[in-house]
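Next come two complexes built around subunit A: one with subunit B, the other with subunit C.
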Partner chain A sequence: MTQATGPVEQTQADQSTVLESLRTRLADLKDEPGSLLEALYIAQEMLGYVAPESIEIISEELGYPEAHVFGVVTFYTLFYTEPQPKHIVRVCRDLSCHIAGATKIAARARQEIGAHPGHASADGLLKLELVSCLGQCEKQPALMVNLDVHGPVTEEEVTDLIRSLREEDQ
Partner chain B sequence: MPELLAVNKNLFVEDAWQLDVFKGTGGYERARRALTEMSPEDLIAMMEASGLKGRGGAFFPTGMKWKFVRADPNTPRYVIANGDESEPGTFCNRFNMELDPHLFIEGMIIAAYAVDSHFGYIYIRGEYGRAIERVEQALADCYADGILGDDVLGSGYKLDLRLRRGAGAYICGEETALFNSLEGKRGNPRFKPPFPTNSGVWRKPTVINNIETFACVPLIVENGAEWFQELGEGDENAGTKIYCLSGVINNPGVYELPMGVTARELIYEYGGGLPEGRTLKGFKPGGASAAILTSEQLDVRLDPSIAQYDTIMGTGGVIVMDETVCMVDAAYRDALFFEEESCGFCIPCREGTPNLVQILERLMHGQGVMADLQLMEEIGDSMASSFCGLGQFAYRPVVGAAQKYRDEFVAHVEGSCPAGSCAIANN
Partner chain C sequence: MCVVEIQPGPPRPSASCTTLVAPGMDVRTDTEAIVGIRRKTIEMLLQHHPLDCPYCDQSGTCELQDETFDLNIWKSPFETVSKAYPEENLNEVVMINHNRCILCYRCVRVCDEQMGVHALDVSDRGGRSFIVTAQHKFMDCERCGMCIEVCPVGAVLSRPFKHVARAWQTVQADSTCPHCSVGCKIQVESRKGEVLRVRVGEPVEPNRGIVCVKGFFGWSFVNDDERITSPMIRRAGELVEVGWREAIEFVSDRLTAVAEMEGPETIGAVGSGRCTNEDNYALQRLMRSVVGTNNVYLGPNGFAATHQVISSTLGSEAVFHSQDELLESDVVLVIGADINGTHNVLAAHLKAAARKGGPKLIAATRIGSALDVFAHKSVRVRPGAESKLLAAISGEEIADPESSVGVSGDDIAAIGDALENAEKSAIVWDTGLWTAGRVADIAGAACNVALSTGKTKLFPLPEKGNLAGAVEVGMDPAALPGPAAIDDTAARARLGEFWGALPPTEPGTGLDEFLYGGRMKALYVMGEDIIATAKDPAAAKDAMDAASLVIVQDIFMNSTASIADVVLPGATFAEKSGHFINFEGRACPVTKSNPTLGDSREDWEIPARIAAQMGADFGYREASELWSEINEVAKPAELSGSMTAVSVNGTVPPPGGDYPFALVTETNLYTAGSSARHGPVLADLYPAQVEINEADAENLAIEDGQTVEVTSAGGAVTASAKLSQFVPAGVVYLADSLPEVPARELGRSAPDATPVSLRKVED
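After this line comes the complex of A and B, so read on.
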């Protein structure tokens, strides 16, 4: 099973090579009814998002109409139809985390990333998302960097975290 | 009264997620006994006698569910573990999947045998990375050890289980939406009836139970129906419930207690009460979907009978609020959640949830009028006709808060926030 549930580092590989290997990897899923979400996870892991070409290949290999595949991709918040920054910072905005100060956490994350929620930072590395309950309420306020959980976090820790994510890439 | 440990016992056993450690605690012996020494009918009767009810929040009697599935002549039949836990304030399934994944898998094996099913799915929300890893490892270990596959525990019974991930959609915890998701579709719910017991995944008879429900099953086989029945508080309640505690509380976390403890016991005896100097204002007994109860209602029992107070037991995710929490703001958080998570399939929910968000935003910005309070109730009345439970419950925490804390809502219309914590107070 693939591990990435969010964007991964864009490879420099020729996209057509990646797409051909997607075709190969989908072979295992052909005999597994209803495995469309798994196929989408694989496609997203390979390119960092579900590209229109990936939708075409999934449609051909698994026998779904392209419109169906697109409808499924856009239903689920963990799938993306556009290239994504390497790190998505997901801050929970629901009640428990909110009571514990999630609004300040989100504000600090926004300030450090330097872009509004849902938009990539100028260096293209980071994005803030305000998300529904992550099921980490004992760690209130909680956030995730891609799928890595942090919590309870303070505003200072958010600053440190985002700065260290940037430094990793220098 | 000490915390009761049954389902959560292995959370305190180091590395219980590893197969050999789990086996050392008696793991898979219950399934072996069930498959080799008991008949499916005996097992179903045992579940019925135990009083086990679905822990996902609907509290449907588990034994009865299994009986309906077994009675349906259609095959193949399926078993599904619902690990899509996404209700705000709820995180107990995550602990069980991460730290003790074999216990609920053992329960699934017993359930499959009881309803003569040879295939099942475990559906886990996509955000639960660690739970997904642990369950994937547990399944691989089971196959390698002959616990799953063509000869389950040497009994000759065949059972395959597959792990599937959700991808960020609260609605997929609704059982029929979950079926659609498993079938590779958008997670819109389906009309009921027919119910999953007759028409579940792939339109076949399906047992779908919460992770916690399945985790109770091996313990019932091991200790007997009567033991389980007696764990609950009072005659109506059987077994334990894993309550989740968060919000303004000293010790947030999971607590396995007799089903039916009072909110006062949970919050003050186990959760350590509120931090020094903070006063309880209200609490939500079961996640976002549950309407708030006030500090005067601390002695209600956290079990399905809580419905008499116009709220629900839900998932047992208790969220505690103190006097600094603005009730308009709290209602707004719930409204925002349901707006985001509404699947958009039916109009009352798709239109009603953003309408509630807009009204609450107005109130929090000093732009609300008295008629808004009435309007919220009217929107709620329309939302009651929503297609599935999401919309049918989404308005209740908002309308409930506006009724219970009416003075506070009226104060917002008049331009002030008594708690001093929402947008109006910061202007």
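After this line comes the complex of A and C, so read on.
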């Protein structure tokens, strides 16, 4: 599954239209137990992050207490409560990948993106995150570009991946 | 902390809190290994937990402190990482200190699982977790304080109790919350005669370890400056403070004189659903055995009539059932008032049970509420049509149900089927505020449902803490303690034995006839504002002016006290011992934890002293002696009930024409008579306001906070408007007993479901 984490900029008018259509899309999930994660995926897919208003809408439409929705959003590191760059590169730093040279992979990614982990690149397109196990220990060192897993990767492949992401958006 | 060793079992410590007990299990709780694990856990908690115990409110009742002490831990061997987040107010009453939080999640769970509110949750995960409100916003919850109560450390804190006292400086007394008829067990904590806070203490019936905002924060009236603290006699138009001896002699002389000159039937007394059984019993004994009249009353209320209708129809056994029976029902129909507001803890238990797959909850309330979220079905009954809806549910054909009762024919049929098909079912309603005729109608219609299904139990919820008890001890001109009929020979014999005098053989006159019939010469009112609640206050006041003696015994001045000849200071729940009877018929002990304020007295003492002055010494030295006597004499007469359908009268017609809205007046979470309006917290949590539907507000161009005028054929009140998602279109909601917005001004004879109009007042 390829999921762009979201457009870089969005006007206020766009956002309110998106929020209204979120309401419509949630209609199918009503009265369906355990639908919260799916609703959050939809919300994040639509705006690139789970906006405060999205949390309120999900709470209202699906009947989950707002505190609960907020607790779930903040629990999962793949959900964001603030606007994000379009592409997020997540490099695994856990044991298996570490042994296979994840430190170098991360360093290369940082160099290509041109920003410290957790910070958006100057063009606002990219962000590097150092994350815990991606469940790809047999493909170490592994990383994710948005929701796509890559591994094992070499430093050169990191450079290619990031450059191709930039080119897509030229 | 819950680790134990189990044999036979896994070769490692087990968590006792998630392991089911099995036969033959050998559980070790204090082996060296287990204590070692526990010690490490505490040591790790102390890595982050600040040792700011001298500054912390929880010190002395802190579970972490106790464990550290018990395990003899001097300091954490780990490098300590102190956090320094500032304390944060979550709302008017709750604050949080994240540094002390050990992330046990008790606050989150009690809020969600027990109260059904879920205003708190945990953000992030692992070491970065915090207890948070929804998106860090102001916590707009029910303010029950349970998050404070369950916090094992000083993380979730009470703002009103912040730095008020050290835990070891207070004395605790188990008592009963005075506000509603759930009768929650509470623990009153005081220091030097001043109530400082209320906690819950051990979980027992009926509240099972929880309370609501009124229980937790609604006690400040006890210490209020406006309390009456001395007896007063009116001299030259002014109430003047006097000593007790003088006041008692005055009352006794005047009562004797009126009884001799005008006859005892010109004397009457009004008791109170806010006073204990002992208080009411002493007052009616004074009237019946010393003055010689059966004219003993309760102020306007719905429970007495409800009790009468149910016991005469289904039998006296059908009035009270236990909370267990309610929670074990398959279907529970809540009709009329929002019991989440009127009887919150019972509603919380119902919500929790419904969520755990217990009863199917059907909410047929007049306004929307927190019940709806947990309800299998929720509908809005038209205010004034509650009995009609019940009639329709029991099978009566009604034309155009949508407009006559506000509920569709399909929904009515579905509710009827649910009750019919349930093995065990229940109907719950607050008996408050509905005018006498309608109260009887609703009770009758509920009886008819019970008769038609044959398995529906009724749970009428008295609107005041001890109305059930006041009825039981005979605050009724037509019933002796029990309640038993005036001519019940066994009851009379029992009373005669204890009293040495018999009550009059003729029932007293009805309250209205007594008040307005022109023969009243003396009136003794205890714990009730009979003018404010009268259907014709001007006439009631005239009658009192014409009478030779008006005695008011109360904790606060009120409109009746302000015209009384004698004012006698009574006591609050914290200052007297006795019993309340809750909605289950359960006797709930009230314990004196504080000395009576100033020169006030426990209420039962006052009629007893008057009686002694009049030559009849009751001989009570303490309230427990009255309770023993009540248990000997007040044996309910066993009525079998007619078991025939009750005829139910019409409904209040739908509003229309000049008055297109229906007024709903109900007690809510923050209101409970005058006691909730005295002292801080409750009064601050619910300002005087009128709640209206959002769409109605838009049509009338009314914005939140603007001043509006509510007008009926009988009068008008103004207040600021609050737009509410819970108020249905066509309804205007006023909380009961807001002195600033007296709903009764709008419909004296029928303060509920009154047709009103609404308009914006230009400032």
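Observations
Rule of thumb we're sticking to: the second predicted complex is superposed on the first by the 157 of 170 C-alpha atoms of A that agree within 3 Å, B and C clash if a C-alpha of one lies under 4 Å from a C-alpha of the other, contacts with A are read in each partner's own complex, and residues count from 1 in each chain.
Please note the rule applied: a contact is a pair of C-beta atoms (placed from the backbone, for glycine too) under 8 Å apart; a residue touches a chain by one contact, two chains touch by 3 or more.
These numbers were taken from a predicted model, which means no experiment stands behind them.
In the superposition on chain A, A:35 contacts subunit B only, with no contact to subunit C.
In the superposition on chain A, contact is made by A:66 with subunit C only, not with subunit B.
In the superposition on chain A, contact is made by A:75 with both subunit B and subunit C. The wider contact with subunit A, measured as residues touched, comes from B rather than the other of subunit B and subunit C.
Legend: residue contacts after superposition of the two complexes on their common chain; A:52 is shown touching subunit C, with no touch to subunit B.
Residue contacts after overlaying the shared chain place A:17 against neither subunit B nor subunit C.
In the superposition on chain A, the residues of subunit A contacted by subunit B and by subunit C overlap at 68, 71, 75. Note for the complex: subunit B touches subunit A at residues 85-91, 93-94, 125-130, 132-133, 136, 162-170, 181-187, 202, 244-248, 252-254, 284, 288, 317, 319, 321, 325, 329-330, 333-334, 336-337, 340-341, 343. Taken in their complex, subunit A has these residues touching subunit B: 1, 3, 5, 32-38, 40-41, 62, 64, 68, 71-72, 75-79, 93-96, 98-100, 132-138, 140, 144, 147-149.
Across the complex, subunit A meets subunit C through its residues 52, 55, 59, 63, 65-71, 74-75.
Considering their complex, residues 112, 117-125, 132-135, 373 of subunit C touch subunit A.
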